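Some structures are shown below for you to check.
You will see chain A twice below: alongside chain B first, and alongside chain C after that.
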Partner chain A sequence: MLTLKQTRRLRTLLLGTLAWLVALALFFPILWMILTSFKTELAAFASPPELWFRPTLENYLHIDERSDYFHYAWNSVVVSFGSTLFGMLLAVPAAYSMAFFETRRTKGTLLWMLSTKMLPPVGVLVPIYLLFKQFGLLDTKTGLVIIYTLINLPIMVWMVYTYFKEIPRDILEAARLDGATAAQEICRVLLPIAKGGLASTVLLSLILSWNEAFWSLNLTSSSAAPLTALVASYSSPEGLFWAKLSAVSTLACAPILVFGWLSQKQLVRGLSFGAVK
Partner chain B sequence: MKTRLVPVLMASAIAMSSTAWASTTVTIGTVNNGDMVRMQKLSAEFEKTHPDIRLDWVVLEENVLRQRLTTDIATEGGQFDLMTIGLYETGLWGARGWLTPMENLPASYDVDDIFPSVRDGLSVDGTLYGLPFYAESSMTYYRKDLFEAAGLSMSEQPSWDQIREFAKTLNRPEQEQYGICLRGKAGWGENMALVTTLANAFGARWFDEAWHPEFTGPEWTRAITFYTDLLGQYGPPGASSNGFNENLALFNSGKCALWVDATVAGAFVTDPSQSEVADAVGFALAPKEVTAKGAGWLWSWALAIPSSSDAKDAARAFAVWATSKEYSELVAERYGIAAIPPGTRLSTYRNEAYMNAAPFAAVTLTSLERADPNDPTLKPVPYTGIQLVSIPEFQSIATQVGKLVSGALSGSLSVPQALKSAQAVSEREMKRARYIK
Partner chain C sequence: MANLTIRNLHKVFEGTEIIKGIDLDIKDHEFVVFVGPSGCGKSTLLRLIAGLEEVTGGHIYLDDREITDMAPARRDLAMVFQTYALYPHMTVRKNLSFALDLARVDKAEVAAKVAEAARILELEPLLERKPRALSGGQRQRVAIGRAIVRHPKIFLFDEPLSNLDAALRVQMRLELARLHQELNATMIYVTHDQVEAMTLADKVVVLNGGRIEQVGSPLTLYHHPVNRFVAGFIGTPRMAFLDGRVTAAEASTVSVALACGPEYRLELEGRGLKPGDAVTLGIRPEHIQVCEAQASPFQVTLDVTEHLGADTYCYVRTDSGETLTVRAPGDFSGRFGDRVGLLPDLAHGHLFDASGRAMPKPGAPAQAA
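Then we have the complex of A and B:
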């Protein structure tokens, strides 16, 4: 018969093991991609898959020789940070008005915003392409910043709205009694309180923008092409490419993976914001 | 960390930079394969001799490139000055006026040196719309060592029945050695390329002279039953998800005794750096059955200039250089003579050094000479194309039929079910496009 203490310890151990297994299962595709990037093309296709192999850097050298990685990486940084910044500049005031000055149509507006995410992007490809052509935005970073901002805005508004709804109105009213303007309320009261939630919104937007492939492949060619376009360029109709594709994918994921790792505290805090009242 | 986020965001937003611009920039949309990568590397030589032209490369996956180019060309986006397109698109887009005719080529280009079948395939009413970068047919690859050990001999052009017997004899799944590898992955350019040539050899055709689909006819039934039985019994596990690359990897690692696929694979299977069986590969023509017509396909990647380009002259100059004899010589000098882009120029195959260096060259030459898109099977047809039908609707129909054939191979559908559905799908599309009532 187990004592209460032993039962607790056993439960902790089991839950810990389960958490590790889930984490490993989630991380396994990334680990496999990294391992494959150090294999030769033939070893990458080996069946059964080789766990022990002689690592090679030839795939990375090939990428260095053929592609200007930093050009694509810089484009990814500019468009994902740029679109996140513009998105937040729009999302915060929108969420503020919806959370604290709710009208009959607020819920409907929020749902309508979200419904735009339900449309398959290819459905609006030709109109968007024509608009971009008309305004000279094809293959420009400005064009991608605009489209990414618009794509992520509904999610950003929803997230910020949810975090703002958790903040008691009394705090804002107190600020108003002290003579704060709307801008001061947002900047000096709301933002510091909701910074965890806002940080996770920023991170989510960054990750979504960084990984977006459909629009970047269709609206850019060379000047503004981000890392997703570089990754796509390593898939081949005729010839072995898994190892090189894994290497370029590792290089494309690395910056955002490191960024996410460094910011995980904010991310977790933001995602659990308001979970316990 | 938290306070550092804001300055990082601010800095990134400010950092919008404009792109550099040279006197004439040629943006080239292309696919990623060995020959194209070599062209990209060697293009520095072109830029040296043409300092007023800068080349920008956009390399994309084949289907993405096709979608991208179609969008750009149909909306006259003007994003590309030169693009790599296939034999299928060149004819269709040329006829619609989307491409710039390749006229007034310099005499040194020697346009008559291009394989007539390839030149015809890239022309509309005698006007050339694309310059071929490389071309391919299909052929049979087999393991000479296994054939010798089993006392088998391969003829110049085996029949599919013979292929089945060879596959049966050499199939040893317990040793991870499979009798035959064939394309099974769904796609109009994947399984349907192989399946259509196999069906041609069995006397089947996509449409009769009045454009009625013929999938429920006896020829298609026999061909698809043969294909699913052959690959199901003597093929590798999961054959329905294997395309060109997967089969190449299987063959190169010594797991296939036979493989029928693109002639371009000749360079890969004989390259010791990527093939474990490089010295043991034999070559034969693609299998025939009731006819040899249409047994081997015809495909070419060509460089074409969209009408919307604003750098047509510079684009043409590069296209001419990249498909010239001079370029072939440069490739031979830098990468060895066997690396010359295959299938486009007759002079390549008159070069003794090339024929000696590339053991697959003789079969490639015969395959390309015999490939006739105007006479692809036993019965007369209203279309041109061996493994494809040169109508805009083909891509959509063949994509759907490809899924059904792949389903029959994996066992999720019976062959009659798959062919009945293929008939219904193609009839519906052909009615919608008003070929039939």
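Then we have the complex of A and C:
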């Protein structure tokens, strides 16, 4: 028979192993992409795959030669941060009013907002394309910021709303009695309390905007094209070049991976906000 | 000065009328307690005064100003919430000074006021802590301190002690009473606990179903409840109610035959009653004596007894099936199923007519609205 302590230790061990296995399985494609990016095109194709190979920077040099990585990266940064900023500026007041001044229509509004995410984007591609053309927004960063703000807004409002809901009304009412205006109530009481949740909302919005490919491919060509468009440009004309494609994908992922790594503490705290009282 | 006047106040919430026309006067320096069962509207009434809910109809005046539709911040009231509602991201010092900072009070003055509140509430060693590092009682004191620093005209308390454990509740109750003396302030206090109401209040407002049942000093409510609801709500254990019929009614005496057997004569105004009317005799557990079965015409069967040390609460059943509580001495030795006699002290008896209205006693104070 195992003692209670041994059982507990065994359970920790098993759960730990399981967690590692799942994490490795999830990370494997990324690892494989990074490995492939350092192989020659020939080695990248080899079957069975070569696990031991002489790493080369050839692919990265090729990319640097063929396209201006920093131009695309800058576009990605501007568009992601821009749309996140505008999204938050709209989501916070919206969530505030819905969380603390609930009416009979609040639940319906929230569901309606979410329902817009259920429409396949391709269904509105033509009208949006024509609108963009009409307003001169095609291939502009402004255009992408607008469309990303709109597509991420429902999720952002929902997230912020959920975090706000966790905050007792009493605290805001106390602030109101203490003489706070609505703006002071939000800026000096509500936002600092919800900061973990807001940080994870910002992060999620950044990641979603960074990874978005459908609209960026269809609404940009060169001057406003973000990294997703750059990656796509490597897949088509001359057939598939796995090593180069891996290299450009690695470059596209790198900034957001680093960013996510740096803010993982905030992210975890934000996502588990409310789970622990 | 802080005289609060409420006139014909109504509150409708999503089609349901919560406050059904309330008139109330609260005088300077008074400690007023709103008490009533849950859902009676006492918290809503407090929130209407605070300005946290919109008034549907009626008026609220603070001294000569009408504050009915004024923003909460401009009413010059401070509120202590049931959940304390401290700002979790601020230290105790910032929690205390927040209102003053918003009002752009001079730094030195803020520091002085915070220091004063911290001294009164013994919060000095905790000033740099965050609320989560405080115990329940300490949080409660910070919440009170946050109200004190503002020197409001009226302090509002919304069930401030209900989240504390029993021992701490008694201690905080005493501290609140002391604070009221020390600050000489006007306070309005909401509770469902009638012991808090009795011990703290100068004036108790008993609410039920969105209406005021009675306003009066704790002892007035205890000795002269105007109706059966107030009689049953004030006092622990609860007043015993026994059904009966009037056998004779005169100007200053009423005779009642109880369903459970005995007939009693009470010194009460019998106006409006006539023989045969259904009435209820109310008598408090402390005004009934237990004796040998043969010594009284009122015989009952002993159910459970609870020994509290100084007293024994006896739960007894009458022959007509009513249950009531009697307070016996601590050394009472009756057992489950025993037959005992009861001797009610009829000078302390109350009589309620079929609509629940109390028959006036000689010497009862005139009922103020």
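The definition used in the following text is that the second predicted complex is superposed on the first by the 272 of 277 C-alpha atoms of A that agree within 3 Å, B and C clash if a C-alpha of one lies under 4 Å from a C-alpha of the other, contacts with A are read in each partner's own complex, and residues count from 1 in each chain.
The working rule: a contact is a pair of C-beta atoms (placed from the backbone, for glycine too) under 8 Å apart; a residue touches a chain by one contact, two chains touch by 3 or more.
Because the structure is predicted, anything quoted here is derived from the model rather than measured.
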Between chain B and chain C, positioned on chain A by superposition, is the outcome a clash or a fit?
-> fit
Which chain makes contact with more of the residues of chain A, chain B or else chain C?
-> B
Touched partner set for A:234, first chain B, second chain C, both or neither | first
May I ask you to decide whether A:258 touches chain B, chain C, both, or neither, giving the answer as first, second, both or neither?
-> neither
Once aligned on A, the angle formed at the Cα centre of chain A by those of chain B and chain C, in degrees rounded to the nearest 10, is 150
Pick one for A:114: touches chain B only (first), chain C only (second), both, or neither.
-> neither
Identify the partner contact of A:168: answer first if only chain B is touched, second if only chain C is, both if each is, neither if none is.
-> second
Now for A:13: first (chain B), second (chain C), both, or neither, which partner does it touch?
-> neither
So after superposition, what is the minimum Cα distance from chain B to chain C, given in Å?
-> 14
Contacts of chain A common to chain B and chain C in the A-superposed view 195
Counting only contacts in the complex, chain C reaches chain A at residues 50-52, 71-73, 77-79, 81-89, 98-99, 102-103, 146, 150
Which residues, counting only chain A, touch chain C once they are in their complex?
-> 168, 170-171, 173-180, 184, 188-189, 192-193, 195
If you look only at chain B, which of its residues touch chain A in the complex?
-> 1-2, 5, 8-13, 15-17, 19, 27, 29, 31-34, 37, 40-41, 56-62, 64, 67-68, 71-72, 74-80, 176, 189, 244-246, 248-250, 252-253, 255, 262, 264-265, 268, 274-276
Okay, in this complex, where on chain A does chain B touch?
-> 40-42, 45-47, 65-66, 77-78, 80-82, 84-86, 88, 125-126, 129-130, 133, 138-139, 141-142, 145, 195, 199, 202, 217-218, 221-225, 229, 232-241, 262-263, 265-266
